[in-house]
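Order of writing sets the chain letters: A, B and C. Residues in each chain are counted from 1.
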Amino acid sequence: MTVEIQHPDDKETPTRGTRHSFPLDRWYVAALSKEVKAEPLGKTLLNEPVVMFRTEDGQVHALEDRCCHRFLPLSSGTVEATGLRCGYHGLLFNGEGKCIEIPGQDKIPSRAKIHRYVVKEQDDIVWIWFGSEITSEPANEPPPYPIHGDPRYYFDGDVYHYDAPYQLVHDNLLDLSHLGYVHLKTIGGNAKIHMNAPMEVTQDGESVKVVRHMLDSAPPHTYSAAYPFGESIDRWQEIVFYPSHLEIWTGAVDHNSESVRDPQRGGFHMRGFHGLTPETEESCFYFWTMASNPSSNVDEIMEKVIAQTKFTFDEDKEVIEAQYRNMKRFPDKKSIDIHVDVAPNRARRIVSSLIKA
Amino acid sequence: MTVEIQHPDDKETPTRGTRHSFPLDRWYVAALSKEVKAEPLGKTLLNEPVVMFRTEDGQVHALEDRCCHRFLPLSSGTVEATGLRCGYHGLLFNGEGKCIEIPGQDKIPSRAKIHRYVVKEQDDIVWIWFGSEITSEPANEPPPYPIHGDPRYYFDGDVYHYDAPYQLVHDNLLDLSHLGYVHLKTIGGNAKIHMNAPMEVTQDGESVKVVRHMLDSAPPHTYSAAYPFGESIDRWQEIVFYPSHLEIWTGAVDHNSESVRDPQRGGFHMRGFHGLTPETEESCFYFWTMASNPSSNVDEIMEKVIAQTKFTFDEDKEVIEAQYRNMKRFPDKKSIDIHVDVAPNRARRIVSSLIKA
Amino acid sequence: MTVEIQHPDDKETPTRGTRHSFPLDRWYVAALSKEVKAEPLGKTLLNEPVVMFRTEDGQVHALEDRCCHRFLPLSSGTVEATGLRCGYHGLLFNGEGKCIEIPGQDKIPSRAKIHRYVVKEQDDIVWIWFGSEITSEPANEPPPYPIHGDPRYYFDGDVYHYDAPYQLVHDNLLDLSHLGYVHLKTIGGNAKIHMNAPMEVTQDGESVKVVRHMLDSAPPHTYSAAYPFGESIDRWQEIVFYPSHLEIWTGAVDHNSESVRDPQRGGFHMRGFHGLTPETEESCFYFWTMASNPSSNVDEIMEKVIAQTKFTFDEDKEVIEAQYRNMKRFPDKKSIDIHVDVAPNRARRIVSSLIKA
């Protein structure tokens, strides 16, 4: 805003990044549907402050989070039937970012408008398009996530804010061998089995898939709480990475009861959606849902599944934020790769090439 | 202080502004009289750390907030009959900034002195002179504010610290149309009436005056609580801006009972003093008092007036600090003016020309 | 760490100092022995993040606080019999900094190692060597501190973190005249006596010694609480500064009962060890112990001595941190020396010449 504020030194203005630090011309997760309610929802995404709101017709809209008049964040305003009203002088903006009312003034200047983001709500997820040009329109549809509409599954989820770059969360999710150390108390189970399970890593364009099977292992606490397993189970972990999100399908059947390679396998399933959207270069939002298929006591078991998932993700967040703080204390050191880094490194190369493009 | 402290990088020293970021050769409010009591009072004003204290003779003094020996802030020292004593090694400074005692040392070096600011206490306000040269003496008297001594009025006040530049508070006070949105619950009343009331804006040298009348409007909560109004009132708002402070005279009479243009009008009066003194380029102190003329139940009504005023000013502070945080998130965007900006823009032009001068 | 994190601006990486801001090729205090227990202990020393841990054989080890794989701080890992295991993927490091296990991987790359610091535990103090070259080995033994093993004395201590450079604590400890103002309520006693007591300052290489005697003075609270003094005492204060620590031997005998210059004098003794280790240019750790010689009610008196010492050191910390904050508000001003600055200034010259060397 260019009212005459004197700064002692331009360097005091926080250095701001741009969307161009990240892969563009694609959809990112902006919110879980359940987040966009009666109140406006403000978030910085890819370095840009965005406000989301839902009009009376049920549509979700996303605008620049700034009144064009005196720059109050519109996320501190109020949602009305047809738009979002600023809490300072009452300017009203519609879903296209156009100011449609200036209280006490007849004429609305044509410049009284703010940037409108393209959003699409689909599968209980609000997706937002970030193009390489700020005005570019979507070139495709958001990725489908049919699990949220699949009658076999129940799901819930949450949003975590990370004081760490989104790619550190990619690393973490693509490498489930950390379960044995970080998540010993919950989904971990036997550390050695985790570390020794062979991994199949394949790449398909912008996507990386990791498959691991851990046969004849002890059921971890979460699993036992949710499903009547015997003493030994065969577990599978299938991770699919996309630049905007990961899908992680884990589960187990009783040991030797059926093939863990059969996509129609039964047993206990946990299907995680993990949307990672940069907030800035140094922070991100982690939108997740966990879907499962309890055969009885659904409410109770889903409550346990979600509680355990949260507990686990809290453990991850603590580790990853500590990791990032420490990375900044050692800016000049190089890291050593180990066997678990194959998939994370492929994902990093993909993201890196998308940024350069 | 030039003891040998090693800094890894000069940039780590916080970038400091100077008084020259602000209009100079004028008086600013340094404190309300009631703030300067038995304890020393430290504040940064126009980027300069100042300590104020009152000696036994009742005089208020203002010094650089720094012992010349080892730089302990004198505001953490103790006030004595004739000066201010440092809490580290006991050096005693008089109101002129001269060190008059070094415990354990007979000779006091002539260099043992610190900067003395010119302050003048008048009308229950402590004014401080900031010249374009640090040693320059006042060229005039502080502005009078006789309301504080007027027997018809009772008043009280407070000091708010803002994490926002002082000019954003100017904007806010010069544009009372925000009352309908920001202060709906207190002094607001009907938003449309506020926004549609015609404004008369006049300028006289460094001063801007705004007059608005809102006839036949519903009495807001604050007014009804303080005065036995009927169902409809005629309100006036008279705002006078000076670079160092604003005077806002608002009030009401019962609808059509007498002229709101008569300076001798009766009814309910609220006369606000609003001293805005920059702390830094990005923060300020807001010294305010509110005077009123209740005809009965004085204590009770004044308590309500002050409580409602505080509530209102809390609302303003929240909005303005949010605005400033958001301005910094959009450093490159330009603002759009609307009808309410006439007076604020004149005030900005005045301040801007005073800084250039 | 050089995974591909994009920074909007290199300046966002915090400016990091190096060990070369401080005197090198010497031992610093890294910890009191009692700090190194079952959990790993992380501290930044001379700008370098260090983790300390004690293996089953009782040895204390110190490593770079960083897993070579993904940079999780090892101080958030777990101590095992023979080493320290990372909490992310379970890499195990021995006391030499060599990775001796990568779970799930047979071959351990030779590059999988981190910096090992030379530490030596002696007299209940853990000393760490900082050489001018990172790999340089100690050229001498850590300084002895036999008081901790002397059967005549009982001691306890603590570690304080200071948001102030270590040399400001040197200044404070070398100048006991501040007792009369900062510590009036505890060890202070009469301010004028403190300030007027003659000081003998002598230098011997890198060491500065200050001796003061305060004859015929009133016993301060701490002393009276710990020892059955009469109405008047003869006090001594002997301070010896070394670049890594100070030894302060204070105490008192009943007035005129024996010579305060006799090293074999009786009475009440307080022998302080004060290890000052820079954390960064702007912060430090203050490791202290206080030893005393109560003749009866040992537990009760030692508890009082330690409690009073803590109370006193809390007062110092408050003053010194306020001083440093204020020094940064006046970056361009020069300080004035007074009579108490002789010894602090000598110590500063020693440190300064050691840094240049």
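The criterion applied here is as follows: contacts are C-beta pairs under 8 Å (C-beta built on N, C-alpha and C of every residue); 3 or more make two chains touch, one makes a residue touch a chain.
The shown structure was predicted, so the numbers you read here are calculated from the model rather than taken from an experiment.
A.B. asks: Chain C and chain B are one sequence twice: same or different residues at the contact, by the over-half rule?
C.D. replies: different
A.B. asks: Between chain A and chain C, two copies of one chain sequence, what rotation angle (nearest 5 degrees) aligns their Cα atoms?
C.D. replies: That pair's rotation angle lands at 120 degrees.
A.B. asks: Centroid of chain B to centroid of chain C, CA atoms only: how many Å?
C.D. replies: 46
A.B. asks: In chain B, what residues contact two or more other chains?
C.D. replies: If we look for residues of chain B contacting two or more partner chains, we find 11, 16.
A.B. asks: Please output the residues of chain C touching chain A within their complex, sorted ascending.
C.D. replies: Contacts found on chain C: 1-9, 11-14, 16, 44, 49, 64-66, 68-73, 76, 85-91, 102-105, 109, 111-112.
A.B. asks: Given the complex with chain C, which residues does chain A contribute to the contact?
C.D. replies: Interface residues on the chain A side: 11, 15-18, 21-22, 47, 165, 167, 171, 175, 177-178, 180-182, 191-192, 194-196, 280-282, 319, 322-323, 325-331, 333-340, 348, 351-352, 355.
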